[in-house]
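Could you have a look at this structure, given as structure tokens, before my questions?
A, B, C and D label the chains in the order they appear, each numbered from 1.
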């Protein structure tokens, strides 16, 4: 079926735009960038149509990449039902976001660079999804990390952007370290990195109820997943990653790349199912992340930060789903989340675009009348994420919650409470942005305030062009109706469903929490806008703690970063480098100078003296040959 | 015809000894002379001595590869003379001396 | 006849070489060197290397040494002054040492090649122009071509060095 | 011992003829130049100045051998000796006739036959620079020094095109021996066109001639002795026999290059026409000359002509008779015919030398060098390459 064409199109786009984009006109760049993704999407559709129904994984072998002893790694692409879901999400949502970016990035510098990176990201993401062994998956994994770094630091003239890029990359390195070790252990245990062979091997192993090799592998893989998918303890990079352009946030840091961790855990479900301890760890981490991020989201004023913490929180739900054994529910949530979170980010981008770069919620307000389409589509997304029944978010989240209830009721309650928080903070942002009075300055003096939007100050908030609102509408429809796509049924051959009856009360609870959260937000930010501040004042200490994101960054800084820097400075720099290496080099130099000052006496500059030395040496050589026994 | 006091043919070692003598004289000139042109000519003398050795062994081995080698030595000597003499001319132009003892600094 | 000529020529060559080293005037040294080369050319003929003998005269005596003479005349270099008093003892010791060294070398050569056979003029003629040409353009083609490049480089180098600006 | 004896005889004959020839070559030159310039030339000593060379020789020998005080004695005396020796030495390998048999002794009509005769001539001519260069330097005179420098630079420069021009016909005949070169030029194309190298190698011949003018320091390339710039160049400080030596060297060199040109390009002693016709030519030529002179003697323009014309006419008729008689003795005929043709070609070339001296002005020094390197050298190179290509094309 020529699966290789799927990532090849974006790669071609990247090469064309990256190498020659400087000389291309904008329409041509658009054509190449969006066209390549479009072709990729169409090829995905054709492929899946041809393969339907994918009862058995469809494998394609291209060539042997590494052959060394028993290590045999080939470049294999494979499509099964899980991959099919991800292919559709990546190319479909990717296509919409590419389209949107054409409008959003219109006035930005480095236009071709942006689209080249975006296409490169598509290539690596598709490679990641299509890969049929851990090493190839790792290639995609690292590649998307690279693109994430490049795109976060897209405004590389700003220090905070490059810092955020570095942070994302370095934090991900810790996760990748875990992933690599996990892959090494897998190879040691199963003698291969090919999915088919590894999972066959794993299925023959007994379930490990105590800490063992499988648990180790799974925990190391989980470390990798927490890095890529921004889970505790490695979630700190994602909020900062909002320094990148908004389409990047939507595509990479909401819809696709951050779900790679979930994909990897789901892909390795055969391993995880044999390591219950690791499963529990996954669930606990997911739950804790979901709750923690939701509370932080309550207090943020930067619209993108709010959604970023929301993303972290939702990713936590997905991990929870995987951890409690409902892999298909987790994947389902990946899909719905891709719809509504991409929509949220794109909507936020439209707002920012309309306000010429303003991101602070406190300077918005009453935007509903300026940008009705954005307002309506964002409302749809907010409803979906809040968990209003029959919408996409509710469909997938409820499945996770039910599974959690069956696994452990306390998890369910925490998760449900978090769902309420989610509804509250999302609608808080919505109310602050779209209702009430416009609190921003109408003059374009804030034109330079936002990053990169300089020179684009209209002063008046305005609706975005159709090229941006079109994808918003499409995503809004998907957010509203996406819940009826029964992904769990589709994935049933791969991940068994545990349909057991749960009490009606339990089914009802999420909807109640959703409406409760929306209502509270309505009260706090629409009816009585002062109430929120008085609450914040009443719980001053707690509020400040949450507002400062539990000071996790400061904690990491003090515990990890500072010791490393200090250690580098004192031990590595002053001690090893300056003392040892420089000392050796300087010592050698001093030694040569000392020797030279003695040998210099021979360098008289008189050629005849040199000649005499040469002759003397030759005579010695000849005599030595004579003594040694002649010329024979 | 009266018998000559030496044999009918010349032992090959005589040629080699002649070559050695010429070579040593070349060395002596190279070390002893002060005029850079004479020094240069001493080098040529040494090259000639070496050529004689080549030709001699070529005769011994009845193989003319030695001739080829001597030929190459000549060509290289020609190239060397062209460049060397050009250098000597330049040095003389800048320093107004041909005595190598006085040309003992790289930078003037 | 061959030994007779050899002794005359070798004597002439050594005499010229000594003259080359001991003459104070560069022109005299150069002419002595031409004498050495002439003697060697005839010795080459004795050894059957007629092409090399001719080349020796044409290239060495006729071109290279003319160049030397030319340069000496151009610079109008006078006789070499005595730089420092080299003591008579040192000079004598040097000559003595060289003689001893030559003696050792000669003995070594005699010992190493005791029966290398003799040279009779006309007994073997190997180096005709044809043979050398064939060898030069077959076995030694690459070195030959490289030599041409070397000469080109020398040509360019000499021209660059001889420019007025340097 | 036969070898030694024959060699001695040949050396004596050749030397005597050559030295006389040198002296009379100068007479011819003066006469020809004079006639080109519409003068009479030497006329007083002997009939038509025929004894002038003898008088010159006596004058030069008896002059005081004056040695300037500032010269470098050794090289001052060495230079003319070197010049004349090196000029005469190359005559040794130049053949002027085929192999002959006299009184049962087979011998070549030359002093010695070398396998590498051409290389020998080249080697000797390249060493010939020393005479001039040393003379210029040893005189310790700036004009002489300039002349010597010019001469050495000029001779080194022109040796290259000359060697290349020589190489081209050698490719055709595939040998380095003069004798074989001439042998290869025997015969005729289409029965009447002589197989001389000058026909395929006409460019090489012209290049050779031009280069040989420079090699012998002749007009238009006589910069080393340009009177109006350098007084007389390298031999300004020389007098009497030492000056005569340089003079001899110059004319000997002329004869050498003319002979080389004859041998390499003009087929040496091979006749212009096929033997049956060519053997008659000298007889007819000399007979016609004699008769013409006898007729001219009956109506003399000048007083002495009524004696000299008939005498020379009778001598010419005698020579014609000798050639005629030689038809009866094949050995003698071979010698005479080859000598006749060789000398005829030689004299033609020498006449060209003199002719050009009387016609062309002198080059400027920079023109001379530029001409050598930018015109003559590329032409000779191209000629050599084309010849090599043609040879490679035709011989499989």
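Note that in this section a residue touches a chain if its C-beta (ideal position, glycine included) is under 8 Å from a C-beta of that chain, and two chains touch if they have at least 3 such contacts.
Model, not experiment: these values are computed from the prediction.
Engineer: With contacts defined as at the top, give the pair, A-C or B-C, that has more of them.
Structural biologist: Top pair by contacting C-beta pairs is B-C.
Engineer: Farthest from chain D by Cα centre, which chain is it? Let me know.
Structural biologist: Between chain D and every other chain, the largest centroid distance is to A.
Engineer: For chain A and chain D, let me know how many angstrom lie between their CA-based centres, rounded off.
Structural biologist: Chain centroid spacing, chain A to chain D, equals 98 Å.
Engineer: Roughly how far is chain A from chain C, going centre to centre by Cα mean, in whole Å?
Structural biologist: That pair's centroid distance is 80 Å.
Engineer: Between chain B and chain C, what distance separates the C-alpha centroids? Give it in angstrom.
Structural biologist: 4
Engineer: Using mean C-alpha positions as chain centres, tell me how far chain C is from chain D in Å, no decimals.
Structural biologist: Whole-Å distance between the two chain centres: 32.
Engineer: What parts of chain C, by residue number, touch at least two of the other chains?
Structural biologist: If we look for residues of chain C contacting two or more partner chains, we find 51, 55, 63, 67, 74, 101, 105.
Engineer: Touching two or more other chains, which residues of chain D qualify?
Structural biologist: none
Engineer: Give the residues of chain B touching no fewer than two other chains, as numbers and ranges.
Structural biologist: Each of 32, 34, 101 in chain B touches at least two other chains.
Engineer: Output every touching chain pair, sorted by label.
Structural biologist: Chain pairs that touch: A-B, A-C, B-C, C-D.
Engineer: Along chain C, where are the residues that touch chain A in the complex?
Structural biologist: 101, 104-105, 108, 111-112
Engineer: Which residues of chain A touch chain B once you look at their complex with the stated criterion?
Structural biologist: 604-608, 611-612, 615
Engineer: Mind pulling up the chain A residues that touch chain C in the complex?
Structural biologist: 619, 622, 626, 630-632
Engineer: With touch defined as at the start, can you tell me which chain C residues reach chain B in the complex?
Structural biologist: Result: residues 2-4, 6-7, 10, 13-14, 17-18, 20-21, 26, 29-30, 33, 36-37, 40, 43-44, 46-49, 51-52, 55-56, 59-60, 63-65, 67-68, 71-72, 74-75, 77, 80-81, 83, 94, 98, 101-102, 105-106, 109-110, 113-114, 116-120, 123-124, 126-127, 131-132, 135-136, 140, 143, 147, 150-151, 153-155, 157-159, 161-162, 166 of chain C touch chain B.
Engineer: Which stretch or stretches of chain C touch chain D in the complex?
Structural biologist: Residues in contact with chain D: 27-28, 31, 34, 41, 50-51, 54-55, 57-58, 61-63, 66-67, 69-70, 73-74, 76, 128-129.
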